[in-house]
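So, here come the structures, one by one.
Next, two complexes with chain A in common: one pairs it with chain B, the other with chain C.
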Partner chain A sequence: MKTQYGVIDAPAAKAASLLPDMPKSALMRRRMLWAYVFVSAPIIALLVFLLGPILFSGWVSLHRWDMLSPVDEMPWRGLSNYVFLLTKDRVFLKSLGNTFLFAIGGVGANTALGLGFALLLNSRIRGRTLWRVLYFMPVITAPLALAVMFSFIFDRNFGIVNNVITAFGLPRQPFLSGPSQALMTLVFIAVYQFVGYYIVIFLAGLQGIPQDYYDAAQVDGAGKFQEFRFITLPLLRPVMLFVVVTNTIGALQVFDLVFATTGGAPANSSMTVVLHMYNTAFKFSRMGRASAMAFILFAIIMLITLIQVRLLQDRTYQE
Partner chain B sequence: MYPKRLLSCLALLALLVAFSAVPLAQETTLTMLTHWGTEDQLAAQQAIIDAYMAENPDVAVELVTVDFGELRTKIITGRTAGISADVYHFYHLWLPDFVNAGVLAEPTQDALSYIDENVAQGTIDAVSTSDGQTWGYPTEVNPYLLVYNKRLLAEAGYDAPPANWEELKEIAAAITQVDDTGAITQLGLGVMAGWDSGIVHPFSALLYSNGGNYLSADRRVAEFNSPQGIETLQLYADLVANGGTDPSISGLGDFPSGTVGMVIMAPWWRATLRAAEGIDFDSEVGVAEIPVGPSGEAPSSIAYTWLFAVDSNSPNKPAAWDFIHWMNAEHEEGAGSAIGDFLVNALGAIPSFSHDQAAFADSMSDHYVSAFVAASAYARPEQIVAGGQEIKTLLQVEIEAVLTGMTTPEDALASVEMQANAILEEQRMMAEE
Partner chain C sequence: MKDERTFLQPIGLTLKYVVLAVGAFIMVFPFIWMIIASLMTAGEIQLRPPVWLPAEPQFSNYSDLADSIPMGRLYFNSVFTSGLIVFGVLLSSSLAGFAFAKYRFPGREFLFYVILATMMIPFFVTLIPVFFIVRQLGWIDTYQGLVVPGLTSAYGIFLMRQFIITLPDELIDAARIDGASELRIFWRIVVPLVKPALATLGTFTFIGSWNAFLWPLLVINSRELMTLPLGINSMKSLYADNTNLLMAGTAVAVIPMLIVFIFLQRYFIQGIALTGLKG
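Then we have the complex of A and B:
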């Protein structure tokens, strides 16, 4: 049997040649039955716990349901939940804008800082392991614990950040309580929380680039910037794709950090789509509208992901 | 061989079933869901439950508590998952939503008669739907008043709390202190941003004291977008402008630490204030009527309540009502009820039942609760309506927008009014479908 590179895989070919001649004994049938049993378990789990709820959620998004009335008594609303969200729900539109800003800020900073720190850690600096551990620690810290910690750190009156900036003669800032600053402060916290993870990913990518390329470039007289521009960046593009796509998806779904720090306040200036979805479902008992939000968000994530894959993947293979 | 083994297994199974079924057949298990979750409150509730179970050995009661912020979610998700509690203690604003969805069981005739005989009509109305149906035993009655720090007022040069809004602005600004770095070390009037009741209830108390209304009398349209409502929100804007208040300071958290001069709050705060280290409850905490606005004639306020009710899916409704009645009834003349004792002595709240108000009159006679008792005579009950929670949250967000300078009072109230009326109309259409 030939692999996709044209190499003959002898054991696979031998197995394939044996298969048609194998007697279908009772033992074989029993084995096949067990194989189906084992395969069906995760498939059933997927259907019950993933596909089923998704389909049900889609059905609910076409109804008005308060989660308290029987499901078979949900009044039909057609697409009105979607129309309302996209034309009348100012909190949803505001939260959508906030979520985009959060994603753009978070993805941009995480990618730039993740790559920058990974380059530093990939060089011969002292205490590399210690630095890696330090950068990765926030990733394994409970998000709610981080949220509480930063609520104190950024407190307008007693937070350490304000104490430091006032020591330099600058005015105190309402980092988490000011409408123009709360969202960007959340971006900062999210970057602090996750940049360590992306450092590790970039570091793995950097260490996968053969040293030969750099040696050859140096022979050709390339400087450090040229090495980075023409070797490191192009070869890191698959890693970049992974980082950007996963970070974007995570950022568009942000919930716990916002829930625990600002709760969307002040006046929805830091409200995000998933937090608004949660409030709509469980605080206002509008599960139909919340489900419609989930599908709109899903469509947006899907669209953005496809664009990102298209932009980054094409160039990866072309180069 | 096999039949013998099979018979042995069946015999063992039969024995197990027989022995395990004996206590099950006799025991009824009730689950009670409340939001009273501090260590002291849990112990007090458990003592009530233990006393009931001692008198009723065939009934077991399990207590489940969640934070107030999660209570509605817990009730909804529990119902959806088919694991709802038998007995709920919940905020009366949610009553119309729960009734419309068929969550609640109608009380027994005995329960309704007992409530009629022992609770004031205004409080009964607060736990009844517009058709006159009462749905449970009302518990705490919570009017709002101006709670102030006498020491901070005196240090600012005032020996009496503000009686009107001009005085409120003046005193609040005088109390506020800012250090060289711009940190607010002392604040005049504390607000409670991020908490819907903490924002909307004080707003409503001020609105009523300015002669305004929240909803129309028939609860069909919002009425807070009125000249009185705009004046009320302008008061907030003025207080922010003169430094009298700042939404980044929590009145709820910082008043007990002695750094906030005034806050508009409910009686159940007494336990917190008594335990506070930053303020001396007896000598420094004062309570005054809500300052009267320029369009108002006399102090007014808002009062909300809670109720015990039974889930319509409960398989043990008679036992659940019996348990609720036992907690709220007076078993010995002059002794008050178990819940009345808990409300007054553990929370500092005002009980609904007349026998509790009489039995625990001494406990409610301190300078703090007595002022709230007096206010309960004139405070207007919070108007409950289907969709009320959503309207309240929308209003909270717009009030916070004014506090942070993001919008004007006029735009804020016009925006909420439009959305609130749409919700009220939608709820009416739902009820008609």
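Then we have the complex of A and C:
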């Protein structure tokens, strides 16, 4: 039996025939109505809090606006916000560079360490659950709390790291308060926070690789490195893609950690795009410029994601 | 060759444990150091050479903290708002996911593509307009300003649809024959069958809103409505010269959640591995 949507739906039709006084189409219509009821609230919420705002944000980025003057009286600025950001706003350009460095450092370290520790945990190791729990603790901890903990640990004067370093006769390091070290220290904290998450994901990926492949490789006399190079890595490709893409997207949006440790200081050496955007919008009330900033970063994120997907995609089915 | 392998194996294994232990030490040390420092006197923290343990644990730091920071209030706000957000996301995602997976209605494909597209919009792009909307609604410094924008999740709808679509249609049709209403089908058949997915989505959403900082920072001004991350942020300036109290406050904000995690770790980690592999 075919329904009006052309799909075989025998039990439903039977149900309809059990209710003789209600025509089939009326039953379908009622069901459809329920579907609209189910999706309506979420769809409206997404329109109000996501789709509408992104369009509005694009509109604002072409204007000058302080959020206090009426929306219909915003002076039109065309693309001048974008031009200003990309040619004149030194802090923005600096923050873009910093954000890239932060993402490259963080993604590189998270991927290497995540895979490395996952390989360790995937071998015959006792207490795998305990190790996983220990490595996972920072993942569920608020970035704000980690920022406070590490500001203390890396403090120039009485931080424990400096106390240990100087005990070995080495010079005191500024870490978060040094222009050349602040960003790298932030990378360290970010890797500390998320590496456990990537270990768990890589470990799940490794456990999904059938043992048969390794057995076959051993029969063929493959060494450990060859197994890794020709079995593990190719089969981990989808997991690798997930890790690299999600980590990059997240790292390019870093805010909490920087806000609560350096605030972008010293001399903007650790300023990131979202923090600069936050300052531009909510400290200096330049909504147009801040929105333009958001769109530039959004475009960059989409571009990078696209490139990563192209490079890392599983091509076995296309070749 | 064979002999060499068996000879090297224990060394390799020991090395593995050493590497894991060093890594784990780095992971745990900041938490332990936070607790130790929270029990020191303000003077002990600044001693050079450093002391590794307080001469006498200063439990009074915690009662001093309780005198100036309404920790209970912070906890209530965090639990209350995160709870509402988790509830809203689970309900809206599973209802919409159910409709997208099991109903046929005009516009279904289009609306689903809209949801897929919104999944890719990062938070910072909509931050300014959403703040503006919330301010126009008069919701600044209210719970609803904190909660309402987070009640739906495009990702959640997508995730639930992917799970619900795998349920056999026969189950739903059989319930219809028995005269069950659509809502009853949802509540009695769909929800129990997708509990693992709901648990995963709930865990993610909870961690996200529990730790959220930027949005609460913008919306909440008064102390009575602050969540835990906002509380930590205000303690940072309040205790700029009392690191021991700052550490005590941070420990109170962080440790209970860690204990919950340790008890539920299997579900946390399974869920995260699950979605990681789906993505």
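Assume the second predicted complex is superposed on the first by the 288 of 319 C-alpha atoms of A that agree within 3 Å, B and C clash if a C-alpha of one lies under 4 Å from a C-alpha of the other, contacts with A are read in each partner's own complex, and residues count from 1 in each chain.
Here, a contact is a pair of C-beta atoms (placed from the backbone, for glycine too) under 8 Å apart; a residue touches a chain by one contact, two chains touch by 3 or more.
On a predicted model such as this, the values are computed, not experimentally measured, just so you know.
Here chain B and chain C are compared by how many residues of chain A each touches, and C touches more. With both structures placed on the common chain, the touch criterion links A:N163 to chain B and to chain C.
Looking at the shared chain after the overlay, A:A265 reaches chain B, while chain C stays out of its contact range.
Residue contacts after overlaying the shared chain place A:L85 against neither chain B nor chain C. Contacts of A:G52 after superposition: chain C is touched, whereas chain B is not reached.
Using the contact criterion defined above for the overlaid structures, shared-chain residue A:L186 touches neither chain B nor chain C, since it reaches no partner.
Once the two complexes are laid over each other on the shared chain, residue contacts for A:K283 go to chain B alone; chain C is not touched.
In the superposition on chain A, A:G178 makes contact with chain B only, while chain C stays out of contact range. Contact with chain C, but none with chain B, is seen for A:P42 once the two complexes are overlaid on the shared chain. In the superposed model, A:M67 makes contact with both chain B and chain C. Shared contact residues on chain A (touching chain B in one structure, chain C in the other): 67, 157-158, 163, 282. Taken in their complex, chain B has these residues touching chain A: 72-73, 76-77, 79-80, 97-98, 100-103, 181-185, 193-194, 247-249, 387, 389-390, 393, 397-398, 400-401, 403-407, 415, 430, 433.
Note for the complex: chain A touches chain B at residues 64, 66-69, 75, 90-91, 156-158, 162-163, 166, 171-172, 174, 177-179, 262-263, 265-269, 279, 282-286.
Of all residues in chain C, only 13, 16-17, 19-20, 23-24, 26-28, 30-31, 33-34, 37, 45-50, 92-93, 95-96, 98-100, 103-106, 108, 111, 114-115, 118, 120-130, 132-133, 135, 148-149, 151-152, 154, 157, 170, 173-174, 176-177, 182-183, 186, 207, 210-211, 213-214, 218, 228-229, 232-233, 235-236, 243, 246-247, 250, 253-254, 257-258, 261-262, 265-266, 268-269, 272-274, 276-277, 279 touch chain A in the complex they form.
Remark: chain A residues 5, 7, 9, 11-12, 14-15, 18, 31-32, 34-36, 38-39, 41-43, 45-46, 48-54, 56-57, 60, 67, 117, 120-121, 123-125, 129, 131-138, 140-146, 148-150, 152-153, 157-158, 160, 163, 167, 192, 196-197, 200-201, 203-205, 208, 238-239, 242-243, 246, 249, 253, 255-256, 259-260, 274, 277-278, 281-282, 287, 290-291, 294-295, 297-298, 301-302 touch chain C in the complex.
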